[in-house]
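Heads up: the structure comes next, in structure tokens.
Chain nomenclature is as follows: A, B, C and D, assigned in order of appearance, with residue numbering initiated at 1 for each chain independently.
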Amino acid sequence: MIGSHLLSVLLAAGDTAHASDHGHHSAHFPVALPTEGLGYAGLVLALPLIAMILNGVYAISGVRSKLPAWTTVACLGTAFAVVLNLYLKADIEHPVVVPLFEWINLSWGTGAISAPFGLYLDSLTLLWMLFVTGLGTLIALYASEYMESDVGPAYCRFFGGVSIFLLAMGCLVMGDNLLTLYLGWEGVGFASYMLIGYHFTKPSAVAAAKKAFIVNRIGDLGLALGIYLTWLHFGTLEYSKLFEMLQADGAMAAAQQAMAGGWEVAIIPFLLMAGAFGKSAQLPFYIWLPDAMEGPTPVSALIHAATMVTAGVYLLVRTFPMLELHPAAAPTVAWVGGATALLAATIGMAQYDIKRVMAYSTVSQLGYMFMGVGVLSTFGAAAHVFTHAFFKAVLFLTCGAIMHGFAGQLDLRVLRGLRHVKGWRIVVWTMFYASLCLAGFPIISSGYWSKDVILAEAFANGRPILGGIGLLTAGLTAYYTFRVWFRVCCGPKPDDHDLAKMMGDDHHGDDHHDEGHGEEDHHHHMPHAPKWAVNLVLSVISLAAIGSILLVPEHGWLEHMVAKSSGAGGVGANHHDLPADAGFWADPHGWMKYVASTVGLLGMAVAAWLHLFNRSAADRLRATLLASPLKAVVRAMENKWYVDELYNALIRMPLKIKGHALHMLDRYVLDILVVDGLGRLPKMIGRTLSPLQNGVLQSYAASMAGGVILIALLILVLPMLLDLLGGAA
Amino acid sequence: MSPLLLILIPLLSAVSVAFAPRGVAFRVATISTLVTLAVSLIIASDFGHWYDDGFGLVTELSWLPSIGASFDMHADAPAMWLVLLSTVLMPVCVIGSKTAIKERVREYYAWLLVLEAAMLGVFLAKNLLFFYVAFEFTLVPMYFLIAGWGGSNRASASIKFFLYTFTGSMLTLAGLAYVAWRFADASGGWSFDIPALTAFASVDLSATEQFWVMMAMLAGFAVKVPLFPVHTWLPLAHTEAPTAGSVVLAGVLLKLGTYGLFRFVLPMTPVGVVEAVPAIGALATIGVVYGALICWVQEDVKKLVAYSSVSHLGFCVLGLFALNPSGLQGSILYMINHGLSTGALFLLIGMVYERYHTRDMNRLGGLVANMPIWSAFMVFFVLSSLAVPGLNGFVSEFLCLIGAFSATPDNAQWPGLLGPWYAVFAGTGMILAAMYLLYLTGRLVWGPYRAPPADKNSGLPTDLSSREIGLLLPLALMCVWLGVQPSGLMRTLEPSVERTLAAYPELVPTQVESMAVLEEVNGG
Amino acid sequence: MPPASVIHACTVLAAAALLLLLRPAGSTRLRLVGAVVGIGAFTGILAQLPTFFDGQVMPGGTFFLPFALISVISAVQMITTSRPVYAALHFVLVVLASSGLLVTLGAEFLGFAVVIVYAGAILITYMFVLMLAQQAQSPDLEDERPTYDRFAREPIGGAVVGFLLLAFMNHLIFTGTGELTPGDADPVPARLAAWERVGNMPGRVMELVVQVPEYEQALLPEGETLRVVPDPDGLAATVTVMLNDAPSEVRLQGELARLAIEDNIRGIGVALIEAFPVSLELAGVVLTMAMFGAVILARRQIELTEDEKREASGLPRIGHHDDPKGGEVTHG
Amino acid sequence: MAEAVVPEVFGQLALGHYLILSAFLFAIGLAGFVTRRNMIVMFLCTELMFQAAVIALAAFGRFHLDLSGQVMVIFVLTIAAAEAALALGLVVLLFKRQPTLDAEVWSEMRDV
């Protein structure tokens, strides 16, 4: 039933999408109005909250079953149902605001800060919430099996964290003002912190969690400052009022006014951008995301691939009208996205840890999305978010399944021939399909459609260099994606002995504490294939990924959804009415389909050559390169371009040294020298004068007389001095 | 119900605790603080001036009528909130000390109760002398608490604490006395009535007089806050104080400084304030960053939290001197929030200390393995301290920063003398707060478990006992409540804040002009 | 040379002279030089006085200088001699000379009182103590006297401090006395005050009254206070007394009242009782307390070991020389 | 001879003469107190300073034709007597402890 509805919307939208094209930079979109009667939308937030509280209760009462997982899955599933219901009920043309309760509401005379806790339900919100809650439910289901060895307090903690994440993500996406968004923004940061640091006994996990939070905070400062400035300039933080204001005088007019109004307004988009870059792991903040892979794989899939990291894209699409407050804002986004995409792809090529490859590929794909926003294609960005969510979730979940089955083994140099091992079929083939998507295999992969839009829009927007970078990155992506798949799933069939050798020898990220695990020995010697929950989830998400092909093409359902939201300015912004006799190359949307397919296939072919047909060639190539003058480049790529080390040397260490220096200053100069010194002053005076107290009577008499003389001199000299001073004055 | 009860109950119970049998001292103190809390709640519910700028609870009690000294009391909404903060924190302190304090119990609880009386006296005083006596009298019990039940370095800590703050407040006394003298000179009779003196000083003192009076008052209040660079007594005092002492110190005593700034400096010497705002703002901002950076290299947990107070109170002062309602409201809310969350952090650290007798992060770590409930609370209050939205810290920090941000001279309604740069610079404190607080949790809560053998004699379970949970839970709930529903509280602050700031919208432009003239003169 | 510099130069000279005199091993010739310089400086300062000052003439006349010289010379002798007993005797000389000055100043009672109290009582006590303390010492041989008597302690410091103070006082005397008002600048109020004082002493008034021949038989008015009503100019007063059972007015001349006051002993008595009653009481208390104090101090027993007692009285110790705790050994 | 010389050099006697004499005596007394080591002589020096005060007081009294000066002298005498009694008592006591009159022996009250 739902499917038929989607189909009808899809077909209907195809006709109307063009109508939304109002020309360059002045796309109008409906602004939400407060409404009654949709109060149950609050359930989307309430259900994860309930799940969170229940998980806390379970943790305290020592539940040692899968109850937390089922509770969470039930709550999140219900939340998904509610979102679906909202979507079916909602009128895309008339978004609404659902006020829940009053949060911050201050006013003084004419000034006011108002941030009611309300839900802004428009197409963009619903789009995001649909895949967030949907994937959340599925991945929670996956985790119920994946995390089963941890049943107990840690299990509760995990699902509590997932619930917090969904709650915060709900606030982020559904909040009807920037402060609520900020609430969710920090909330997802915290959830991510908790979940990355899930294996808290591992120092690397704790450090990764800390790093994620702190790097995010840097971006958050930008976001916060952007929110302050927005409030200062526009006097409100509520989207509906903000959009009304921005649309009233037209975005261009607003931009001109902003330029006249001074830098305080002009930098708003850049500040918001900084927040987005932090959350979505773009340059220069991307460094936290690869480390975040320390978290359990479901977390990586849900938070660090599918949903949370797209919050930056959401923010920019949501505040797209504000992006036009400065003409350089959108190009900045585009270039940062492009640069990140390329940089991360180059790093991803040279990693051996499959989860890390996926992490860098996420960073790279997020770069595409930002490129999409930057070239004024919110539709492209949103479409890529949507498709990427599914296929990247699959990739991560399959990586997780492998890691789970092989006791933490993630090295693609070790793993091989999974295709031939019993019980891994679903994993292998869902992974294959997801890899196709990521590589942008023509027609049948969802990634192909969404990526094409972005690349084509880049050319249409008049940024061929960026488009070129995108294409290059696409090739690289195809290469490293299939490098992983060919390495892990293909190759000679491993016998039992080989399989045992493949097992991870450490507990790296393994989620096992092995307490009460009867088959411990077996575990360490032989891989175990995933069970029904993992396979079910993989299949469902893969089907969803296939299904998304139907939704993403141009003028389809997704474009319609975006066109009716605040991202409207980025739908069709680069469309120009082409003359009928324009050549093939005049419309990038036309030729990109072919070019991108070619590039993707080329990448796959190279991967196949190096990693499937000629598995030792890769090593030889590496050896050749290392012997050549390109040595440094290869090493740098393998070491992630030394960015972490650079940041450490440029930011962290100086700050740490400053901290130590200031502490020394505080302790020795301020406290001991100044304060204690001043405190010692009376003592020193006393010590100086103490020889006068020599116990000899005559000295006392002499000093007494001396005192009298001093007083006498004072009496005599003071009037003279005063006279002198008076005379001088 | 008379507000006099708020001071008399703790004071009388202090006397009775001091002479009660050893065994009942704790019980008497607990009951006394709980009764005081109940009384304060009743008084607060009857308080008639929540939504206007008036003073309620006016009570007159003569002391030395000839020189105008009295024990008169009054309170406006901000004062009432701080009274509530104090009465809420005191039972927590008393109950929290049950197992930690095993020797000289009677004296200990007696001093705590005296401290409560003095603190409430500060917030309720209507008479300047009464205010000052109470303000100074907080030092005495605190001194004894540190010196008597403190850590290994308690002797020097207590002396430094006492002398440092005392020296500062002597200057404050001089400034206030000057105002009183000028008032007596002008009106022909001594009076120490705070409203009268405030009205007099803000209008009748010349610019130079206001400036120096402000500097004198600032000397005492800034030390108490503590504002960079007069903060160095704080880490030592905090580190050495017993847990309850730290809680009160962070929770309430520091607020005496900011309360003094709010109650005296801002309304009394507006002309002086506008001259000093950029400098004070700069000090506050430096304090934010400075304190945070120092926190980040601490090994002693308690010292870390102590330095975090320096950082946090920098926000508070920045908000105060933004000279606009958002800053001031945020600042007052900050006082309450900081009291709750930092108080709770000290309490939590005290609980660990009771079990392991160390606060060294090199020796403690991964406590979540042994103490999950404690860790949950720790993470919660760290988040609150981090100003994560949805918890209490966020609203106040947000408002302080937004206040500083909008405090530009060209702001139409509330011109100020700070501006975006102060806010941006202080805003980096948000990042640094994340750094040091996560460093704290990363070392203490997470990571591989390491701890010295637990003290078998402490009589405490491995994780928190129900008594301890009972202490922390109300604080946590208040944090959530203030984070989710701050508007009710904020609305009560509005009128008083606007009354306090009444003079500034006219003064600030004048100051800006005179600064411009000065610049021109210097430039030419 | 301006007089101020002369005065300060003289002060410096006087200090130098004192220094010469204080030198422990100073030769007689040096001492002589010191004495001459000192006396010269002293008289030099005195000689500057007329140029500064022409106020009221003080009594004393030719007696002043001898007495002054005696007292100053004796004072210097007192602080420079190495024999404490001589010092005490020189002090007696100072007291005698100053009592002479007191007498010339019209303070006869004090002149004698000072001699009696100081020279008679206090100095005798000092002598007793001195002799008590120096019983074992031979005062005749210079070298055998204790060093603390022979050598002055920090003579320069002492001279500097003393004479700095002197310079300051000189400064005040030479610049400040102009502001003082002599006592009888305006005689009328003084006379009226004298009458008032006398009026408070009925017995004294009656003595005056009966000196007038016609009023030899006069009596105090019964049940009434005696009223002395001075004339506005204070030269005379009217007193109402009882003569032959009837009130009668008698005129007393101003001279009588002056006499009544200027009779030194009576005057002091009146002033003491009248103007300083509380101080008088306090002085009594001080004396009483001093007496108690002296008694208590004198009764205080010092626990001395046998050896210490022997040593104190100049006898050799009994204990072994190589035993540091010899005293205790004897007890054991 | 004296009658012939004195008026010439000194003119009429004035208050200043007495005051200068008093100042000299006081200064000598002070110098003696500081320089002498014998406790008894030191006390004598204080008595000398008292004498200086006595002369000054008497001279002022005469100058103002007021008996208060002389009354003060009586108080000075009182104090001097009291002081002598106590001081000598103390000296005796000290002498009993340590058979010397050197004041510097008794310097236990010194700092350090």
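In this section, a residue touches a chain if its C-beta (ideal position, glycine included) is under 8 Å from a C-beta of that chain, and two chains touch if they have at least 3 such contacts.
Model, not experiment: these values are computed from the prediction.
> If you tally the C-beta contacts for A-C and for A-D, which one comes out higher?
Between the chain pairs A-C and A-D, A-D carries more contacts.
> Which chain is the middle one, judged by CA centres?
Answer for the innermost chain: B.
> If every chain is reduced to the average of its C-alpha atoms, which one ends up farthest from subunit C?
So the chain farthest away from subunit C turns out to be A.
> Once you find the CA centre of subunit A and the CA centre of subunit C, what distance in Å lies between them?
One centre to the other, that is 100 Å.
> Measure off the straight-line distance from the CA centroid of subunit A to the CA centroid of subunit D, and report it in whole Å.
95
> Express in whole angstrom the distance between the two chain centres, defined as the mean CA positions of subunit A and subunit B.
Computed value for the inter-centroid distance: 37 Å.
> Can you compute the centre-to-centre distance for subunit B and subunit C, using the mean CA position of each chain? Integer Å is fine.
67
> At least two partner chains per residue is the criterion; list those residues in subunit A.
Touching at least two other chains: 698, 702, 705.
> Quick one: which residues in subunit C touch 2 or more of the other chains?
If we look for residues of subunit C contacting two or more partner chains, we find 153-154, 157-158, 161-162, 165.
> Which positions in subunit D are in touch with at least two other chains?
Counting only residues that touch two or more other chains, subunit D contributes 30, 33-37, 103-104.
> Report the complete set of touching chain pairs.
A-B, A-C, A-D, C-D
> Using the touch definition from the top, list the residues of subunit A that touch subunit C in their complex.
Subunit A reaches subunit C through residues 698, 702, 705-706, 708-709, 712-713, 716.
> Which bits of subunit C are touching subunit A when the two form their complex?
Counting only subunit C, the residues touching subunit A are 153-154, 157-158, 161-162, 164-165, 168, 171.
> Using the touch definition up top, name the residues of subunit B that touch subunit A in the complex.
160, 163-164, 229, 232-233, 235-236, 290, 293-298, 324-326, 329, 366, 368-369, 372-373, 376, 379, 383, 388-390, 394-395, 398-399, 401-402, 405-406, 413-414, 420, 423-424, 427-428, 430-431, 434-435, 438-439, 442, 445-449, 484-487, 490-491, 494, 498
> For the complex, which residues does subunit A have touching subunit D?
Within the complex, subunit A contacts subunit D at residues 690-691, 693-698, 701-702, 705.
> So in the complex, which bits of subunit C are touching subunit D?
Residues in contact with subunit D: 14, 18, 22, 42-43, 45-47, 49-50, 52-62, 64-66, 68, 71-72, 75-76, 78-79, 84, 87-88, 91, 94-95, 98, 101-102, 105-107, 109-110, 113-114, 117-118, 121-122, 125-126, 129-130, 132-134, 146, 148-149, 151-155, 157-159, 161-163, 165-166, 169-170, 173-174, 177, 180-184, 190, 261, 264, 267-268, 270-272, 275-276, 279, 283, 286-287, 289-291, 293-294, 297-298, 300, 302, 304, 311-312.
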